[in-house]
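What follows are several structures.
Two complexes come next, and they have one chain in common, subunit A, joined by subunit B in the first and subunit C in the second.
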Partner chain A sequence: MSDVRVAGTGLTPFGNTPDRTGRDLFAEATIAAFEDSGVPREDVDAVFYGNFMGELAEHQGHQGPLMAEAAGVRAPATRYESACASAGTAVRDAVLQLRNGEIDVALVGGAERMTNLGTAGATEALAIAADDLWEVRAGATFPGAYALMARAYFEEYGGDRTDLAHVAVKNHENALTNEKAQYQSEISVDDVLEAPLVSEPLGLYDSCPLSDGAAALVLTSQEYADEHDLDAPVAITGSGQGGDRMALHGRAHLARTPAAREAGAEAYVDAGIEPSDVDLAEVHDCFTIAEVLALEALDLEPIGEGISAARDGRTTANGETPVNLSGGLKAKGHPVGATGASQIAEVAKLLSRDHPNSEHVEDARIGLAHNAGGTVASATVHVLEVTR
Partner chain B sequence: MSDVRVAGTGLTPFGNTPDRTGRDLFAEATIAAFEDSGVPREDVDAVFYGNFMGELAEHQGHQGPLMAEAAGVRAPATRYESACASAGTAVRDAVLQLRNGEIDVALVGGAERMTNLGTAGATEALAIAADDLWEVRAGATFPGAYALMARAYFEEYGGDRTDLAHVAVKNHENALTNEKAQYQSEISVDDVLEAPLVSEPLGLYDSCPLSDGAAALVLTSQEYADEHDLDAPVAITGSGQGGDRMALHGRAHLARTPAAREAGAEAYVDAGIEPSDVDLAEVHDCFTIAEVLALEALDLEPIGEGISAARDGRTTANGETPVNLSGGLKAKGHPVGATGASQIAEVAKLLSRDHPNSEHVEDARIGLAHNAGGTVASATVHVLEVTR
Partner chain C sequence: MSDDVRDGGFDEWLDAAEEGEAYYLECPAEHGSLPPRRVCPTCGSTDLEEQPFPETGEIETYTVTHVPTPAFEQDAPYATAVADFGPLRITGQVVGITPENVEVGLEVELEVTVSETTGERVVGFWPV
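Showing the complex of A and B:
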């Protein structure tokens, strides 16, 4: 099996650009990724594209070929939709095809245009990632669903809003150096606690923003990278995917995310590593509680202890295992279909010492990216390693 | 590389069932597929699900995990969306993962609920498979787009509405024995010619209907099939995918579909066969002209001669290479997200002599399934072979 190399990455700024179309955003990200990679567009064998709400936000389906065209690529193109894990599933299929020799070069990524729908419209559109018959029609939205998960966590393991606030403070702190981040602004624990409640116990600053943006990756087989003498020191060495019941009422435990645990376990075995080998991680912190649940599902923290990780400094930039050095979904932003690919880009940059926050992880060799859909009914995990 | 076996197939009736949800339809198809296969649900490693317009027709995204749940399966699940080729891309990724040993058992399929939107609503929803900025906003719908392709064909190669009518007559004739078909009714060339025009030169009977329905396949590795002594004589031995510019104005030639040609060429090489080896085919006849274009793109007919294939009997049930023995999209129906999987089911049944139309293809060993998205901006082709 071939190693899979990250040859190039490209991100648009994440933020409020309601007048830019998805194809406009993705084109920008791909221009950067191709330039970064040194790979010519003609060499792309297939396009793997993640998008979640294009039907509602842009009246546009069938985005695979449309986005290949926007990227200037003529190759088979498929759109993957797994809610907020859309790009994670796109990355995974690209990795499997590359390492099995089906293709040599993949353009992978995703984009989302959301803010043109307005806050209420986008919140409604996001809700279709939940079970329409049993959750959405009962009034459930994602802040409410994650608030239930947070309450269940507090009930079982303890912790409080202050603990969660430290997650938000950490991720904003990390984003200060990220010029593509939606928020480059320091916040305090008091800021988080005093912000308006969205769905108790989650407040405005416990929640990621609505974002427009795109991410693109040029991935190649090791053979292609060697043959073309690419500067591509980071490999994707592990991939895993997990699934769970869609609606929260179907879950055995509201404060656990077994889909992420299964994806992580598969990715660890695939890469031949242990959770303790992970030097840094980008995890899916759509809400502060989501980062806590991810740490525990990925065995980066024992069950019941993830809640104190940010507060006690274990996951801060200078901690043992820095988490979301990019700023995470919380501060970097969360253009849904782009997120899973943007995480891979951030981890690759951090591991190749080409990131403003690389100074915090000088010796890092292994990074992880965790992308989740809905209330983690879908999850993908990828392990990245420096090869030189 | 492992052979990929078709262990079981299941189809709902295709037709007008606007009150049945997508999950209801898919559950029915999967019950039949599991029963047909003898494979227990617990053995499924991954779910590959095709759906096109769930966001618009059912206010439901993130259908991967939802449909795994409907099927009674706990496994990672991904939704593939490539417009009318959605299930084709799902089949393709399942085939690649199976033959490369990533998984042993896949549940593959798709569903679509369309008729609840009404004719105008469904036509509008279908239009998002075209380019919203450059086609849809200019008033383009798919009957119009395929009418342009038909006119371009007539202009360049000759042919007329009567030639196309023979395609519709043939496919209705084939559907007479298909109890799951939306239409089990004979029609004449005069019926087709006298039907109301939808978009000249295409009339009502040149067009496939709006349909609700689902299709499911249980696919396994050869090793799994052997080990469990499954009755699974048909293998998927070739897979190909092609892509093209999304909007018709970007195409070099309105009467050719290079995405299908590329998908076919890849699938033929993959299977190690020539087009002349194909004994029967299910092709994507969303409109009569689409069948003609598919035959030529797949090298089953020379360029400019596909138009006469049905009229002259080369593709009829007793012809040299029967095409759409199921009735095709035209008479069997076209629940968009299900179609690509239903074609595989039909070909597998025909090749294993377990189909009411098997009598017409007693010696058939090699079948082909061609699934297309939009005006063939996406296409997948699969080759199936009897192994015993």
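Showing the complex of A and C:
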């Protein structure tokens, strides 16, 4: 089985650019990724593209071929939609096809245009990641669903809003050096606690922003990389995907995310590593509680202890296992369909010492990317390793 | 979707619930679930029977939402909860009590309410 190499990465700035179309954003990300990779566009065998709310935000379906065109690529193209895990599932399919020898070069990525919808429109659009009949019509919003999980977590394991605030503070701190991040501003625990409430116990600063942006990756087979002498020190060595019941109320547990646990377990076995081998991780922190749940599901923290990881410094830049050195969704931004690919890009850059925060992880060789959809009814996990 | 088209299964369930005849679906292994559904999501059984919805449930977790979707604009702030009714859980809006008095463990019964914003029917929980 062939290794999958990360040959090039490209990100647009994440932020508030309501007048930029998805195709413009994705084109920018792909130009950067192709330049970074040295791979010619005509060598691309297939395009794997993540997007969630294109119909609502841009009145645009069938985005696969549109985005291949925007990237200047003539190849079969498919859009992946798994809510916020859209690009994670796109990456996973690309990895599987590259490994199987079906293809040698994949253009993978995603884009989302959100801010043109405004807060109410985007809140409505994001809510469709939940069960329309039984959750959305009961008034559940996307932050509301995570708030239900946060309260359930507090009830079962303890912890409070101050613990969660430390997650937000950490991720803002990490974004200070990330020029592509939506927020490059420090915040304090008090700022988080005093921010307006969105859905109790979550406030504005517990939540990722609405973001526009795109991410692109050029992935190749080991054989292609060797043949073309590519400078691609990082490989994707593990991939996993998990699923769960759509509605939160249908789950076995309201304060755990079994889909992420399954995805993580599969990715660890696939890569032949243990959770303790992970040197750094990008996890899906759409809300502060989401980072806590991810750490526990991935066995980076014991169940019930993830809540204190940021507060006690275990996941800060200089901690044992830095988490979300990019700033995470919280501070870097969360253009939904781009997020999973952007996480892989950040981990690859961190591991290849090509990231402003690489100085914090000089000896890192193994990184993890965790991408979750909805209240984690979908999850993908990828393991990246420096193998050269 | 046209306004006069009903969501088969869901709207019928709301009709029944308004009459005080809410039900849930049960498979032979006694897994509970909500309609519309042809297959037990837990075990795959296609042998589902309607059972009367349990009289009371208990709030397992809740949130008070201040930033709603447009469909609940005039309802905010409102409490949404997941309540445990034994054979199954269900999500609903807590009514008949001010949001700040909602708490985990609160005993509730199911009763259909309406959105102040749209007049649409909403699964509601009333304190017993």
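Quick note on the criterion: the second predicted complex is superposed on the first by the 388 of 388 C-alpha atoms of A that agree within 3 Å, B and C clash if a C-alpha of one lies under 4 Å from a C-alpha of the other, contacts with A are read in each partner's own complex, and residues count from 1 in each chain.
Keep this in mind: a residue touches a chain if its C-beta (ideal position, glycine included) is under 8 Å from a C-beta of that chain, and two chains touch if they have at least 3 such contacts.
The structure presented is a predicted model; accordingly, all values stated were derived computationally and were not measured.
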Quiz item: Is A:T119 contacted by the first partner subunit B, the second partner subunit C, both or neither?
Solution: second
Quiz item: Which of the two partners, first being subunit B and second being subunit C, lies in contact with A:S82: first, second, both, or neither?
Solution: first
Quiz item: If you stack the two complexes on chain A, which partner ends up touching A:S188: first (subunit B), second (subunit C), both, or neither?
Solution: neither
Self-check item: Partner chain(s) touched by A:L133 [first = subunit B, second = subunit C, both, neither]
Solution: both
Quiz item: Taking the superposition as given, does A:P196 touch the first partner, subunit B, the second, subunit C, both, or neither?
Solution: second
Quiz item: Touching A:E102 in the superposition: subunit B (first), subunit C (second), both, neither?
Solution: first
Quiz item: Of the two partner chains, subunit B (first) and subunit C (second), which one does A:L254 touch, if any: first, second, both, or neither?
Solution: second
Exercise. Return first, second, both or neither, reflecting whether A:G243 touches subunit B, subunit C, both chains, or no partner chain.
Key: first
Quiz item: Among the partners subunit B and subunit C, which is in contact with a greater number of residues of subunit A?
Solution: B
Quiz item: Is there a shared patch on subunit A that both subunit B and subunit C touch, and which residues make it up?
Solution: 133, 136, 245, 250
Self-check item: Contact footprint of subunit A on subunit B as seen in their complex
Solution: 21, 46-47, 52-53, 55-56, 58-66, 68-69, 74-83, 89, 93, 96-97, 100, 102, 128-133, 136, 241-246, 250, 259, 262-263, 373-374, 377-378
Self-check item: Touching residues (chain side subunit C, partner subunit A) in the complex
Solution: 7, 10, 33-34, 36, 41, 60-73, 75, 78, 80-82, 88-93, 104, 115, 120, 122-123
Quiz item: Can you list the subunit A residues touching subunit C in their complex?
Solution: 119-121, 123-124, 127, 133-141, 143-144, 147-152, 155, 196-202, 245, 247-250, 254
